[in-house]
Structures are given as C-alpha cells and as structure tokens.
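The two complexes that follow have subunit A in common; it is paired with subunit B in the first and with subunit C in the second.
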Partner chain A sequence: MKIIAITACATGVAHTYMAKKGLEDAAKKLGHEIKIETQGAAGIENELTAEDIEWADILVLAVDVEIAKRHRFHSIKKVEVPVTMAIKSPEPLLKKISAKLNG
Partner chain B sequence: MKIRRALMTGVSYMLPFIVFAGMTIALSGMYVQYISADTAAVTALNGFAWTIMDLIPAIFGAYVAYAIGDKMALAPGFIGGYIASHPVTESAAASGFLGGLVAGLIAGYLVLQLKKVKLPEFLEPIKKTLFIPILTGWALYWVMGYPISLTVGVLNEWIIRALIQLSEMPEYAFLLGAILSAMCAIDMGGPIGKIAITFVFAVWSDPSGIGFVVNAAVFPGIMVPSLSVGIAALLAKHKYTKAEIQMAPGSILSGIVGITEPSLPYAIKDPVRVIGSNVIGAAVGGAIMMGFGVSTSGVSGVFGMPMASNLPIFLLAIGVGVAISVTTQIALKQPVSAEDIDPAMYEDFEIEITD
Partner chain C sequence: MPNEEFDLHVELDLANDSRNKLALFEEIVKKLSFRTGVKPEKIMEAMKIREAMSTTGFGNGLAIPHGEVEDLDSAHLFFFRLLHPVEWDSMDDDPAHQIFVILVPKEGDSTIHLKLLSRLAYNLMDKEYQRQINEVQDKEKMRELIMEMTKLAE
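Coming up: the complex of A and B.
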C-alpha cells in the first residue's frame, strides 16, 4: 500500500512528531511505503506534493486540528483519526485501512 | 468532534500570541521594576504587549471560525472576537476569551450556512466577495455587541470576580489550584487539561492580574507528570520496561520545559497507578501554588520561573508535587512481567474511508 499522511496536534511540538514516528515504524514493519507531512508549531514540514498525492492509494489524517491546505486532497481517498490513535495503535490502524481498501 | 477540532485549531494559532504577549509583559515589567523605571521605550513595549493581549479573543475567534467555515469565516470570527474584548456600548461587559469562542462558533457556522444558499449564476461572485463578508460582519457585530455582551459578558465578569474573591481567601484558593492542576495532569495534554488552560486564558488579560495567579496554579499539573514518570523510571528500574527507561531522560527534559505529553506512553501502559500518582502530586502542587497566591506571567515550564512572584514557593510547589507522585508511583507499581515487554495495542476501533 502506498500511504501519504498528515499529523497535526494542537500545540504542535510533541504529539505531531510522536504520531509521525508511530506511522513510519508501523508502515516499515508491515511493508507499506509512506510519506508523512507534519503540521506542527513550525507550520508545514515535508510538504506533500501533487506527485505524492497522485502516487498514493490513501491519505491518513492523524489530526486534532483543522489542517492547512486541505484543498490539495479532494481527489484522494482519506481516513481521519485522532492523533493519539497513530501513537497508540498505528499497526492495527494500517491493517484496518489495508483490509478496507482491498475489500 | 467538529467543535472540539475547531477549538484546538483556535488554541494552536493563538498560542504564539500568548507567548509573545505574556513573556514581553513579564520581561518588560521586570526591567521597569528592577533596572530602570523611566525607560520610555520599555514602557511603550509593555503597553504594546497589552494591546496584543487584548487582541487574543479576536485571534482565537478568527481561527475557530476558520476551522469550521474556512477562509470566508476568518473575518467575521475576528470581528466578533474583537468585540469580545472591546464592547461596543458603554453598558456592556467584555466577554473576553469566552466571547471569542462564541464569536468563532457563530461565525463559522453562519458562513457554512450562507455558502449553501443558491443564488443566480451571475450573482455568485458577488456573493463571495461582497454579500458574505458584509452580512456576516454585521451579524457578528450585532450578536456580539448586544445579546452576547449581556449574557456571556456578564458571566465572564462573574467568573473573574469569583476567582479574585477565591484567590484572596487562601482557605479556599488552594482548592481551586488543586483542581486546575489535577485537570492538567489527568489526561496529559488532552481535552480535560485544555479546559483548565482555557479557564486560565479566559481570565488571562484581566487587569487585576488574576490570570497570572491561575496561570501559576496549572504549572504543577503541566510539569509533574513528565518529570515524575521519568524520575520514577530511573529510580526504580525493575518496575519499568526497557523502553520506558530509555524514554526517561527525554521525559524529564520535557517536564522541565512544560510539555506533558511524554508521560502518555507510561500512563497508557499502567493508567490507574501512573495517572493516579500524577494527579495526586499535581493537585498538592497546585494547592501550594494557589494557597500562597503565587503568580507568574511566563508560560511553559521553566520559562515561568523567572517571572514567578515567589520563586521559592513556586519551586517548592513543583518539587513537592513531583516528590509525591514519584514516591506513590514507585510504591504502587508492580515489577515488570513478561507480558509487559510487548504491551498489547488497542485494536478495538472502527475506521471510515471517505472520498
């Protein structure tokens, strides 16, 4: 599965990056490709490009706040979950997404 | 869910303003008090920081509205939020941060509704550039200027008066400090803590300075959890997993700078013992802080220290809170067992894929 993701929490210093780490580790373990944009206190980092959006099968939004530049993603399937889910249980999350996409 | 996210969005955009205004007021105030009282430039800077402080309800309203109704909601959210700190009639009360919140919600949903109104094709561009900004601006001006000033404004004044009275009665003030601090410790940066922080912001810019007293009271709640789990993990290594011990120094450092979230992984694994200990420690710390009426205009952990009105008590409150939490945690926690090594993950949830 090719995944793009955005993580964003209210303060933007801890949860945002913990969620990024959680998703990255889980994707690696399950053999998915992933690219993650963070929208933390510093604003958008590692911004997802039009090519990334074209390339990916699914957009995972692990966010507690409204994301910036949402209009980029009108053409892609998306899953929205709270930030803590990407920290607590990223593996079950990706497994469930994969199961839903394939059936 | 939508509303909660909107509030979080508002808070995240508002924070840098609070940091700038709070720290500038504190530092320039200290300069005037201890170094030179007649430096016009510093006094002007202090005044300017208060001007920004007064804009905070407007910024908050603007971004709450933006999160709900997107771009077009930002202006009416700002307009309504501005009135929350600058009443339009002399008899009305400032509704402050609470008013800003109401303004943001009203502006956001109003724009959302107006966007759905169908007009003839040739009027559509005018609707976006002319009708919506003007109509929503007028609507927010009226709603915030009259009905909200009379209701939320009065409520806001009542809260501030009650808080001031409480803080002047040490026999009850400690209770408020304990509750606010415990709220921050209980969910470590989550919604309950945000309610306590919202309460602090709500009275933040009141000229009486009560905002800085309740601000100090939440410090133990913010700092105790990360500090305590880290210290406890280093002191009682046989009761913590390898991962927990590895995270400990980072957790302590986060606690010092006022980030509560690193205590989350510890709490998720052993919620009752860890959260219980943290809440008790934080509550005692908050009680000491507010019982002694310590105030600070600094934010975020160690940065609140230089501005503390009573540094020894400030440190004592946090120290005692940490000591209690660490001791309780170590006493309650069981030695690590085999199944702890790979903590079971939460798997019982549903997801939904949308286009």
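Coming up: the complex of A and C.
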C-alpha cells in the first residue's frame, strides 16, 4: 500500500512528530510505503506534492485540528483519525486501512 | 555539541520524589520562574492549557508535558525521573515516571526551538532510544542522550 499522511496536533510541538514516527515505523514493519507531511507550530514540513497525491492509494489524516491546504486532496480516498491513534496503535490502524482498501 | 548555538536550557533530575502531576508542575514552575523571571502563573497556565486538550502521557512510562509560555525568551527542557511513578492518564493507562518537559516561547520567531523539540518528540517514539532512556543512570550520559535526540537532521 502506498500511503500519504498528514499529522497535526493541538499545539504542534510534540504529538505531531510522535505520530509521524509511529506511522513511519508501522509502515516499515508492515511493508507499506509512506510519505508524511507534518503541520506543526513550525509550519508545514515535508509538504505533499501533486505527484505524491497521484502516487498514493490512500491519505491518512492523523489530526486533532483543521489542516491547512485541504483542497489538495479532493481526488484521493482519505481516512481521518485522532493524532493519538497514530502514536498509540499505528500498526492496527494501517492493518485496518489495508484490509478495507483490499476488501 | 551541535545544539549550543540554539540556546536550549536543559535541566535534569534523575531522582525526583514528586507524588503527583500537580506537585511536579509546581516544582517546574518554581525552577523556571526562578531562572527566567517569568511569572509562575504564566508557566503553569501554559502547561495546564496543553494538559486540558489531551493526554501528554504516551505510554511506556513516558510523558511529554509542554507549552508555549508568554514572556519566555528561550526554550527550556527538563527531564525528571520520578522515584514513584505517578498517574498521568496515559494512553496505555500506566503511570508515568520518565518526564520530558518542553517549554518554548509563545512570541517571536522560535522556529529553531520548535524544530529541535519536534526532533526530540519524534525520537522519543523510537524503541532504541526508549531503551536507553530507561537504562541511563548517569546525568552526563542522559544529557548527551538528550542532545543526540534533539540533533537536527542533515
């Protein structure tokens, strides 16, 4: 599965980046490819491009706040979860998404 | 050390005897206020605002309370290892005893501080770093580990 994701938490200081690491590790373990944009207090980092969106099968939004530039994603399937889920249980999350996409 | 230029203040306490979250927060407020002259209420408020949003305890005994503090002019990091694990409403329901406190300025351009602290948060999810945090007994080693975890990529 090819995944793009955005992580964003309330203060954008800590959990945004923990969620990024959680998703990255889970994707690696499960054999998925992933590219993650963070929207934190330091601004947008690793911004997803039109090519990324074209490339991916699914967009995972692990966010507690409204994301910036949402209009980029009207054409792609998306799943939205609280940022804590990407920290606490990223593997079950990705497994579930994979199962849904394939079923 | 790669971070000297960023003016990050790090303070460590490897045997803190706070018995609950509020007592620990009061100690942090006292320390930071003494060091910076920022009013205690403003520091407490910043941490409480964040705690009210969602838990900062992310499991495995680790917690990362943080906030953006008015009138603060540089980033401060505290690490407390608690002698008695305290209730933290953590994601795994277990008490917390390894506490990383991150306080950054509310005003001005603090992008570098934020990046450095986001790096720390990212690395705190790493299993290998988690193992090292649990094992380190020496203050200087802990400081080195924190510096490594806050090192910016590239």
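Quick notes on this structure:
Please note the rule applied: the second predicted complex is superposed on the first by the 103 of 103 C-alpha atoms of A that agree within 3 Å, B and C clash if a C-alpha of one lies under 4 Å from a C-alpha of the other, contacts with A are read in each partner's own complex, and residues count from 1 in each chain.
In this text, a contact is a pair of C-beta atoms (placed from the backbone, for glycine too) under 8 Å apart; a residue touches a chain by one contact, two chains touch by 3 or more.
Predicted model only: the values in this text are computed from it and were never measured.
In the model built by aligning both structures on subunit A, subunit B clashes with subunit C. In the superposed model, A:96 lies in contact with subunit B only, and not with subunit C.
In the superposed model, A:15 makes contact with both subunit B and subunit C. Of the two partner chains placed around the shared chain by superposition, subunit B is the only one that A:79 touches, whereas subunit C remains out of contact. When the two complexes are overlaid on their common chain A, residue A:66 makes contact with subunit B while staying clear of subunit C.
In the overlay built on the shared chain, the residue A:58 is in contact with subunit B alone; subunit C does not reach it.
Here subunit B and subunit C are compared by how many residues of subunit A each touches, and B touches more.
Applying the stated contact rule after C-alpha superposition, one finds that A:30 touches neither subunit B nor subunit C. Contacts of A:42 after superposition: subunit C is touched, whereas subunit B is not reached.
In the superposition on chain A, contact is made by A:87 with both subunit B and subunit C.
Shared interface residues of subunit A (contacting subunit B in one complex, subunit C in the other): 9-15, 18, 41, 64, 84, 87-88. For subunit A in complex with subunit C, the residues that touch the partner chain are 9-18, 20-22, 25, 38, 40-43, 64, 82, 84, 87-88.
Every residue of subunit C that touches subunit A in the complex is listed here, in rising order: 50, 53-56, 58-59, 64, 66-68, 91-92, 102, 104, 111, 114-115, 117-119, 121-127.
On the side of subunit A, the complex with subunit B involves touching residues 9-15, 18, 41, 58, 63-66, 77-81, 84-85, 87-89, 91-93, 96-97, 100-101.
If you check the complex, the residues on subunit B that touch subunit A are 4-6, 8-9, 11-12, 15-16, 66-67, 189, 194, 254, 259, 261-262, 264-265, 268, 345-347, 349, 351-355.
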